[in-house]
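Input: structures, listed below.
Each of the next two complexes has chain A plus one more chain, namely chain B in the first and chain C in the second.
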Partner chain A sequence: MSSEAGSDGSKPDRSGTEWGDRARAGLARLVEASAFERALISLAALVLSIAIGALVILAAGRTATCETAATTYFGYGFCYDPFRVYDRLFLGALGNPINPLFDPLHGNFAAPFTEGWTPFNDRLAYTLTETTVLVLTGLSVAVAFKAGIFNIGTQGQMVIGGLASTLVMLALVPVFTGLATVALLPIGIVVGAVFGGLYGAIPGALKAYADANEVITTIMLNFVASSVALYLVREQFKDPDSFSTKTNDLPAGVEFPQLLYAQNTAFSVVALLFVLALVAATYYLLRHTSFGYDLRTSGLQAAAAEYGGVNSARTIVASMTISGALAGIGGTVYVLMYYGYFQPPVPSYGFDGITVAILAGNNPVGVVPAAFLFGVLKSGAISIQTDPNVTIPIQLVGVLRGLIILFVAMPEFFRLVGKRFTDAGRRSREGGSRVADAVRSDGGVAGGETDE
Partner chain B sequence: MDRRKFLKGVGVAGVVSLAGCTGGPDESTETDGENQSDQQQGGTGTDTTSGNESESTGTDSTDGGSGDGSDVNVGMVYATGGLGDGSFNDQAQTGLNRAAQDLGVSFNESEPSQVSEFARFQQSFAQSQDPDYDLVSCIGFLQAEALTETAGQYPDQDFMIVDATVDADNVANYLFAEHQGSYLVGQMAGLLTTQEFAAGAGETNPEETTVGFVGGAEGSLIGKFEAGFTAGVKAVDSNIQVLSNYVGGSSPFNDPTAGKAAANSMYNNGADIVYHAAGNTGTGVFNAAKEQGRFAIGVDRDQSVTKPNSADVILASMVKRVDTAVYNSIEAVVNGNFEGGANTTLGLEQEGVKVVYGDQIGGDIPEEVKTQVSDARQQIIDGGIEVPTDPSNV
Partner chain C sequence: MSEATADAGSGESTLGNTDGRLLIAGGVVGAFALLFVVGTLFPDSTVGTLSYLLLQPGPWSSMLTLAVPITLAAVGGIFAEKSGVINIGLEGLLIISAFTAIFAADTTGSLWVGFGAAILASVLLALVFAVVCIEFRADQIIAGLAIWLIALGFAPFAARIVYGSPNTVSLTNSVPAVRHAGIPVVSPVFQTLSTTNALGPAQALFRASPSVYLMFGVVALGWYLLNRTNFGMWVRASGENPKALDTSGVNVHRVRYAAVLLSGVFAGMGGAALSYNIGQFTGSGQTMVNGKGFIAIVAYLFGNYNPVGAMLSTFLFTLLEAIQNPLQTAGIGVPSDLIGTLPYIGVIVVLALVGRTRIPEAAGDHYETGEDR
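On to the complex of A and B.
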């Protein structure tokens, strides 16, 4: 329907309209894309970003100077080899699973996997550690998005949750001695969720009852959170024996049990499984409960949802609380996996979570692969830097990461935009009954993920 | 169609411009030559170039090692500010480059962006088999926590850390007596604020005897700078007022705006000279000094050279030879006398810290001031003056 309006209704002699119609038709096509098509689009975007990144590497390699060429194409030497860089970026993050002798293009059929490679290597462990935290922050942003709220405050909620849980656990250490220290872990997670949730509820309540723009309030509350954390740790709870501004160490028993992976890695499979369980719970909450139904209809068309009997103010506060609670758990998991104590400033997982959520199209399940891509890029940047055979400025690696994220996120971004401006999107926004149709039509059915 | 023509044009222009680039390996001897001389200047450690520009081009960094015989490999983990900060990390790189040139070691550098990444970087170097790193250099006290764990996990790997003490048999600790160097610049500031003095773009206010100190983040390390500085000022005249401010915030050592605001309020309150120990935040201090026509004192490197735009207000710099620490530790590994578990403090005596007068206006400082400063230096070395390390004890 929308594509008809796009191509047939246009007049080819007026190029301006033609372009506009084409753009609209393209957007409509994106909005109507199925889950499988979207996965294909993301994959194509990934390949395209790598191709363009390779050109950037080559161009930078020509403008730079070096003693020996890293690679030679068409008789020209280049200082940086794009293949080696991307090899490090992706395979380095996985711990070099591919045997260098395995080269089917040139007729070498050695064993495809490097000898001695296991999925339980340190590099993959770091990748998955990053992924675990990013899943939580991505999920936090996605839940708020679903309710039509742009929660930029995930970072602040994460800081408050992580700090509160650390302080409470530290305070309870004398109470839970011996074997009972195991009990501190679940307590910490609950405390992180409660404080993160409360901190998320503030901008939620401000939006619901005072009509304050959540984008502004959450940004501001991020500053409040990081400053409060810095003050409290520096002035009140500083570890007196340390050079750094950090809290006292949590006792050794308070951590996620480490299975399968080496002790020196920060990663815990238990933490990842816990987080995946939260993903499943969030999915269930959004898709199969009446609260989730209210939340999603509010996100699609608030006025219609209210007309249909949804208490919109309460839904806003509740969704922000859930979003904040997930971020707070993220802060706790970050503290427990990386440090075993709280140290400001917390890296920008909350802001990365916004991109993760957009990459995932705000689908709770999609957050997992999106966060994994982020984890690979972060971990791969480290393997590039620590590999003596790859010479490339770290800033250029940042450019490559940015290109990949930009390209993969853009189709989803245009899809979100497209919903507002095309017929395909408008259909799902007109009238309460239409909203109900839209929600029902993709209620858990594979391939029907077309809501915001 | 127009669009196709445009695309073709872009494509052709891109190819032409790519071909026209005078970079790349082995071709244009001119640029190669330039680059090598840059490297040499960066490596001599004499601060005669405005270091960052030649160093931050990133073309020559990763595989150093002009390789004459020595097969020692060094893994370098910089502090979070990264290269190009014009002080701390660049100073460390100077030492590394010098070691590569003099001792022929190979090295691999890395620039973590978060404190939480330190452990991963340290482990990567410690784990590496090809090459097997003989020494892993860790720059900055923020790496201490991570290194405590990493050093325990890799007992056969040698590490060195600058600015902190890690209690392990395989870690060489390098500390600096920043308070001693700060005492000397404090003395100089105290002597100058009590007299009428004008040089370059600045002058003192003879009616006020006030100086200032801008620190990055509060803590025992930056406290040493403040304590030494205040003690040096008070040694001249205990009535001189020392204003002190810590920038704090989320990036205390990379916040020139906050540094400028802090320094401006000090200058407005009558301060003649402001000393900073705040990394890149200090750039703001220099800008404030220029605008107000007052003076500033640099830190870590000779900042009248690394920040040439402010050379007309920088009286002196309290230089901290991080490069010496890096070089010495590498030299020890090369010579086979690396001492794990040792604490080395580089003070005035070892020239680990020293006062370098400004490149442009340092010559205008009266000779009797300089004499008193060098007298005080000798007294500290001889033990005649005990410089406090905690600002609350001054």
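On to the complex of A and C.
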């Protein structure tokens, strides 16, 4: 039954590879879970990752050599203390708001907040700078995932967008002199969006019209983007006055205005507000426009959407273009906030964006807290580095990132655990998953072996 | 009824794929022929230099060496995907085994122990992936990405702890080429053949390190296992029609576990071969694996799940990489950054031309045995 819908529609109608279809079925399953359940699963995944991360820290602490043990458990000394590592990681990223003397468990009721702590400290500024870029890359991935497309290429789209906007802005500097310099900023953002969007449209078109699997093409395009960027900056547009491989500096006026936070920090509240406005716009686009409806139904039920008159090829290309455009803006914002010039390689915001989007359940609004969490992890990694008492390598954050994705990918695990605790909960959830299965088999997913 | 329509659909797409493959294979052969003809006619031109280079054993030697990790991972990936589990985490398996090989060999001083430890590490990570996918019904693509990201974070993390930098130390001992290994009879014969100029590029076949012959062995073994044994039949059935396999009394989950763990074994060999070849693990950026696991996936898709086909398509990609250095030395002026993108662009072009491969019917789907409900 189900395969008929796919086969008589012949090739061009089938949106993408069979891999894609199966992936979409998986995504559909993820989306079926209610927003509350999703949030719960994300939270549980986070807690579990932190717990396993603690074991990794302890194990690493046994392997490493140090003069004095940082902590002792069960008679064994460990070089790294997970509590201290996580303390630095999470509280360090906020600028140490908690007074170390505040310890209600041991009867010390000092003031809970560190004296002189304000939310405008430099550490938190860095956290929020990271968050600003991560919201954009997370949003980029989430839009594509919503349409059922695994855009792993946000990193490459970000590189291309950031480089293109930098080069165009630099080229236009002689034209926009004096007060007109201000105009370069919006131009740069538009150029970043256009180039990122075009670079995203390539795998979109390959998927829509040549059935090329987007997971592979986007990963390959990431490698191409970083090599091309390195070549262009090194051989064609290198700053002649600098030893490092970077472009010329943008003029002083081309930046997001800085308010509230110190001038020496990279963070700009204006940039964050601009990004949050993009979040709202994306939410509106997905929820309240007919295009957004097409996009979401294609992601949930490609065949059903097709039957309902959605041009799936065009939807794929369009959603990949939007996804790429958001990534391109991310690259531009990164360049403008941090350095004011482009220097390869660009840190892995694109890959972190995947984690952010998966953690957020591909919900544009959920991307904001998820991005903040990763902003905390990245900023906390630096506060670990600067603390002489904690010597753990910051690559730990990469391990945590992988663990979080792994656990978010297996909601079934948490449901099984949940079942053990609540019998009533089991019945209602199982009913729910049955319905989801039924919907899935009607949707023309090839190979209905999982259904009974 | 649905069987019939599904078959018709797959027959059609298989035909389309064969066309795409033949087109590329024919294109490659044609390009080589043209290259040599033009090269012979105009020996001083760029094409002449290129065809001269391709008649030397050097590029072919590096092509074989570069192909080892990709082919081994690809053969592993074939087993996993044929059984119904798309293992997109091959990249992660290569990373973890490349690091473990150097770490264990450096600690124990034995290359053999390092080789075994690399396989063990890769199998353990594959086991995590298998449990998550088979037991907890995780989405295979996302879980595969997680495996990649975990290894991408963990290997440099461990290297930092042990060696103080994302890169390990260089091993003092290395795997000798077979012709230098001092094996009675074999080594002298290989030594003679590897310097017989009459053989032309084929000399490369006798200059290789043992890992290249391991690759040939694994490809042959993989093909035999998959097509000529009961286990291979179960693997294929588990991916195409798990219900039938279940009905005939074979445990589908067990077959899938075996297939995914086997992908861990082969990828582990590949990772060890990769880092042994350099003698060091480099963990900065995308690590030394640098996308080889993903190229492996493309290689087996393009090779239509045939280990031999996967190896040949790997050669296509690695020859593009192998020709880079000689071209640079010969002064043919294309910047190395740009030539470096050729294999990746090649992958994209191949995917675009071949398009959809007929993947196993039930790949990506979770299979629930009857008793559980």
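Quick notes on this structure:
The rule we apply is simple: the second predicted complex is superposed on the first by the 311 of 452 C-alpha atoms of A that agree within 3 Å, B and C clash if a C-alpha of one lies under 4 Å from a C-alpha of the other, contacts with A are read in each partner's own complex, and residues count from 1 in each chain.
We adopt the following convention: contacts are C-beta pairs under 8 Å (C-beta built on N, C-alpha and C of every residue); 3 or more make two chains touch, one makes a residue touch a chain.
Since the model is a prediction, treat every value here as computed from it, not as a measurement.
Once the two complexes are laid over each other on the shared chain, residue contacts for A:64 go to chain B and to chain C alike. Contacts of A:119 after superposition on the shared chain: neither chain B nor chain C is touched.
In the superposition on chain A, A:221 contacts chain C only, with no contact to chain B. Contact with neither chain B nor chain C is seen for A:257 once the two complexes are overlaid on the shared chain.
Considering which of chain B and chain C touches more of chain A, the answer is C. Within the superposed three-chain model, A:382 lies in touch with chain B and out of touch with chain C [touch as defined at top].
In the superposed model, A:399 lies in contact with chain C only, and not with chain B. In the superposed model, A:243 lies in contact with chain B only, and not with chain C.
Overlap of the chain B and chain C interfaces on chain A comprises residues 63-64, 227, 230, 234, 345, 392-393, 395-396. Of all the residues in chain A, the ones that touch chain B in their complex are 58-59, 61-70, 76-79, 122, 126, 226-227, 230, 234, 242-246, 263-264, 266, 338-339, 343-345, 347, 379, 382-383, 385-388, 390-396.
Contacts from chain A toward chain C in the complex involve residues 1-4, 6-8, 11, 17-19, 22-23, 25-27, 29-30, 56, 60, 63-64, 150, 152, 206, 210-213, 215-217, 219-221, 223-224, 227-228, 230-231, 234-235, 345, 351, 354-355, 358, 392-393, 395-403, 405-406, 408-410, 412-413, 416, 446-447, 449-450, 452.
Residues 1-2, 5-6, 8-9, 13, 16, 86, 88, 128, 132, 136-143, 145-154, 156-158, 160-162, 166, 241-243, 285-286, 290-291, 294, 297-298, 301, 335, 337-338, 340-341, 344-345, 347-348, 351-353, 355-359, 361-368, 373 of chain C are the ones that touch chain A when the two sit in their complex. Note for the complex: chain B touches chain A at residues 18-19, 21, 23-28, 31-32, 35, 57-63, 73, 75, 82, 106, 108-111, 114-117, 119-121, 123-125, 127-128, 131, 141-142, 144-145, 149-150, 153, 163-164, 217-221, 248-251.
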